[in-house]
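First subunit A sits with subunit B, and in the next complex the same chain sits with subunit C.
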Partner chain A sequence: MIKKVLLLAAACVLSLCIMRATPPEGEEGEKFNASEVILHHILDSHDWHITDIPAGKENGKTQYTPIALHLPWILYSSRDGLKFYGSTHALEADGKFGLDHHGSVYAKKIGATHAPTTETAHDSTHTTTEAHHVEDMDESVSVLDFSITKTALQIILVGLIMVLVFTSVARGYVRNRGKAPSGLQSFFELIIIFVRDFSKEYLGDKHEKFLPYQLTLFFFIWFSNLLGLTPLNSNIAGNISVTAALAVLSFILINVNGSKDYWKHIFAAPGVPKPMLVLLTPVELLGIFTKPFALAIRLFANIVAGHFMVLSLISLIFLLGDNGRNVAGASGGAVLGIAFAIVIFCLEMLVAVVQAYIFTLLTTVFISMAVESHDDHHHETHKVLDTEVNRDLRLSDFNAH
Partner chain B sequence: MILVPQLGLFFWSSVIFLIFFFILRKFAWKPIIAMLKEREESISQSLQQAEKAREEMAKLQADNEKLLNEARHEREKMLKEAAQARDEMITKARTEAATAAAKEMEKAKVQIESEKMAALITVKNEAGMIALEIAEKVLRRELAAGAEKEVLAKKLVAELNNN
Partner chain C sequence: METIGVAGAGIGAGLTAIGAGIGIGRLAGSAVEAIARQPEASGDIRGAMILTAAFIEGVALFAVVVCLLAVL
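This part shows the complex of A and B:
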């Protein structure tokens, strides 16, 4: 137990290090902007920023050398077609595209590229650059950003971890054929069987068809959340694009497997008078989309909220410490912030698995509602769904407090 | 900004997730699920077999008990029968012996009787012969001396009676 607490403390201290890694850009003594730092940590980026090391002073300003892994830009624009850049610097040096203060890419007017100033181009707080950006933007050109960002890279990492872990588990089954499971296999067997059991409970004989998806979903969300809690890694499921992607995949799976009764229930609910259908059908149709929408928002909000809390608590150190000038405040903030951060961190470990469970379970419930072909089971499922959703909402509330 | 999905990341998340889904399905989930199923089936089968074996065992035991009981019964019956037979044999032997003895006795009696009769007859014959002899002697003496004849006759008769 003590060992675990120490480990958590170490993790928190490490995450503190990452905090320091992004000093508020600008002069020393500038106010520490907690919300900006937190947002920077939560949002996706085009490089994997590890830390900044001080590289001496220049004109009274501490210069930092960033240590970061540059990730490639892949852009498609109506003007230039597909474009590849090795890093953000390369993109800015090329002069065809610029970045706005959100870090989003836009196409520059070709004529306005005579003086690309790389120094100020990524200085997001500078007001003159912003005005400059708006000026040189070519609004007739739409740019699609298909870059492999930090989050995309992390998704690949999670996928690789999953392949490594579960092929090893599968090998364990071959090795221990006819024998008791051992090692990694015996740990994951519990969870795999847990997922399979609730899948079986809702889908009955049809569960085998959906089980691979459910297992992938569950472990992907869980592993992503856990990875997101470790230092240097981004919160994958705390990114709306990722949860939206998962929700869309679930949405496709649900509706592709919709039975005749499922569609009948939407367009011509049995036992409902014909005129009422005019009202009911749009509501039911909306329901098809609100379900995955809720899935995406729930997962995103829960994970992002946890990260917000941990980062805010860590930010206390810098806020109370007046950004390095008040040592007493900083130590007080450190004690307070780390103590609370550890509690939240533990809670987040729980939320990591609970959210994976909820996402998978609700997907299962929606699939079971879509697949079902007997009306008499319908009410039962609705009832079960209601209790599940209530439980989920309670958990979300708990998390939000 | 935080709430706006980005097309690029959305695209890559979907693609990467799907790629890993297919990889995992082929190399992890399918073998794992198949193995789990196989193991569960073998466990339930083993349990069923154990149950069956236990039932059979119980049945065998009951059969054994029954056989033992039967054997015990049989033994008792046999012992009983043997005792009966013994008793019967003894009584039969006894009666047979008794009847045989009685028969022998009867035979002996008859023989004795017949011997007696034969003896009597011989005695009678002897007596007759002797009487005849006496009579002959008497007759001869009569012829010789009349007086003596009476004394002689009485003496002879006395002799005869003594015999």
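This part shows the complex of A and C:
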């Protein structure tokens, strides 16, 4: 144990030495921009950027060669049909499409003179609505972007990992029929049973119908969160589109399975005076949409906040070290930042599983609220009464001792 | 003008943290008390606690997202 800690400390010191060896000295006006770096790490992109290596100097500035995996652009527009590009370079070289300063794609006017767009269009005095305006944009052509971005690639990766893991688990069930589980199976069986049990608690007899979705949801969110914590990988659930897609799936499942009573409670809640319904029905209708919206935002914000914290703490090294000019500050920042970052990292491992649990649990609760009819209510009260009687019995037992 | 926006976002995030802290603190306090009174019900109480904590956190995160949008 102590050996491992020493090894880790040595690795940290070594990495510091490597950083010291290549300070970008003598570069004026090169301040470390923490928010830019953090955003670059958090946002989705069209290349899998790994690192930059210094490649000589030009005009006193160190030039860097990026090491990155270019990901394909897949675009569809009414003018050009389906288009593939191997990289962002290829897209820009083709001249049919351009990128605005948000990084989103637009169709260029065909036959327009390819004069470089003047930078005045991006002047800070322009308001946000005007910022979208790019001079050579062909407004009549809308472009749909189906590109395999970094996040999309990693979703596929998570899918592959899940297929590998769970086929192994499923094979275990066949192999060890009637015997104790072994290997991966013994670990995942615990978690699968955990999900099944809380599903059973809320949905009762109907849980088997929803269990496949719940298990998929739980393991997808968990695996993608864990993958996001490994180096070089992006935060999959920290992308609002991904969490929104998950929430839309839950939304469909909740409302498709809504019982008659569920809809009755929304449009004409029983026992409510008629004039009050004018007020209540819109609120209830809004409630249908706010539930999945909250699901999406909760997961997104939790994961983004975690990555933000870790990256901010790591940025501390470069902020205190004045981007390599102040070695003492960098060392102090490294000790402080890495210590805190490790703590946050451990917390994030916990958050990864807790958020998967909460997303699945809340989906289960919402489904149970939607599917229950008044007959179930009856059963429910029976159950509650039953446990109360038991509790009283236990209490009297306790008092007797 | 921009600095006022950033300051507002910071103050907003702080207020959010206060609100969520009070909420989760009260919740956890009551839950621990309840578990101490009736340890055999700890499973149910823990489940209800996590669920409610998730709701409180959800509200707090709404505010955080609004604050982030103000800054970025």
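Everything below uses one rule, namely that the second predicted complex is superposed on the first by the 325 of 401 C-alpha atoms of A that agree within 3 Å, B and C clash if a C-alpha of one lies under 4 Å from a C-alpha of the other, contacts with A are read in each partner's own complex, and residues count from 1 in each chain.
Throughout what follows, a contact is a pair of C-beta atoms (placed from the backbone, for glycine too) under 8 Å apart; a residue touches a chain by one contact, two chains touch by 3 or more.
The structure presented is a predicted model; accordingly, all values stated were derived computationally and were not measured.
K.L.:
With subunit A superposed, do subunit B and subunit C clash or fit?
P.N.:
Taken together on subunit A, subunit C would fit alongside subunit B, as the superposition shows.
K.L.:
After lining up the shared chain so the two structures overlap, which partner does A:Ser87 touch, if you call subunit B first and subunit C second: first, second, both or neither?
P.N.:
In the superposed model, A:Ser87 contacts neither subunit B nor subunit C.
K.L.:
Mind working out whether A:Ala294 is in touch with subunit B, subunit C, both or neither, as first, second, both or neither?
P.N.:
second
K.L.:
Which partner does A:Asn302 contact after superposing on A: first (subunit B), second (subunit C), both, neither?
P.N.:
The second partner, subunit C, only.
K.L.:
Looking at A:Ile358 after the superposition, I want to know if it touches subunit B, subunit C, both of them or none. Which is it: first, second, both, neither?
P.N.:
It touches subunit C, and subunit B stays clear.
K.L.:
Touch test for A:Leu39: subunit B only (first), subunit C only (second), both, or neither?
P.N.:
So A:Leu39 meets both subunit B and subunit C here.
K.L.:
Output check: A:Val163 vs subunit B and subunit C. Expected answer is one of first, second, both, neither. What do you get?
P.N.:
In the superposition, A:Val163 contacts subunit B only.
K.L.:
Is A:Ile193 in contact with subunit B, with subunit C, with both, or with neither (first, second, both, neither)?
P.N.:
A:Ile193 contacts subunit B only, not subunit C.
K.L.:
With both structures fitted on chain A, tell me whether subunit B or subunit C touches more of subunit A's residues.
P.N.:
Greater contact footprint in residues on subunit A: B.
K.L.:
Could you state the shortest Cα distance, in Å, between subunit B and subunit C after the structures are superposed?
P.N.:
So the smallest C-alpha to C-alpha spacing between these two chains is 8 Å.
K.L.:
Please write out, lowest number first, the residues of subunit A touched by both subunit B and subunit C across the two complexes.
P.N.:
In subunit A, positions 39 sit in both the subunit B and subunit C interfaces.
K.L.:
Residues of subunit A touching subunit B in their complex?
P.N.:
39, 42-44, 74, 102, 144-149, 151-152, 155-156, 159, 162-163, 166-167, 169-170, 173-174, 177-178, 189, 192-193, 196, 208, 211-213, 215-216, 220, 239-242, 244-246, 248-249, 304
K.L.:
Spell out the part of subunit C that touches subunit A in their complex, as residue ranges.
P.N.:
Residue positions touching the partner: 40-41, 47, 50-51, 54, 57-58, 61-62, 64-65, 72.
K.L.:
Please output the residues of subunit A touching subunit C within their complex, sorted ascending.
P.N.:
Per the touch definition, subunit A meets subunit C at residues 35, 39, 198, 201, 294, 297-298, 300-302, 305, 354, 357-358, 361-362, 365, 391, 394.
K.L.:
If we count contacts the way the header does, which residues on subunit B are in touch with subunit A in the complex?
P.N.:
Going by the criterion above, the answer is residues 1-14, 16-21, 23-25, 27-33, 35-36, 39, 42.
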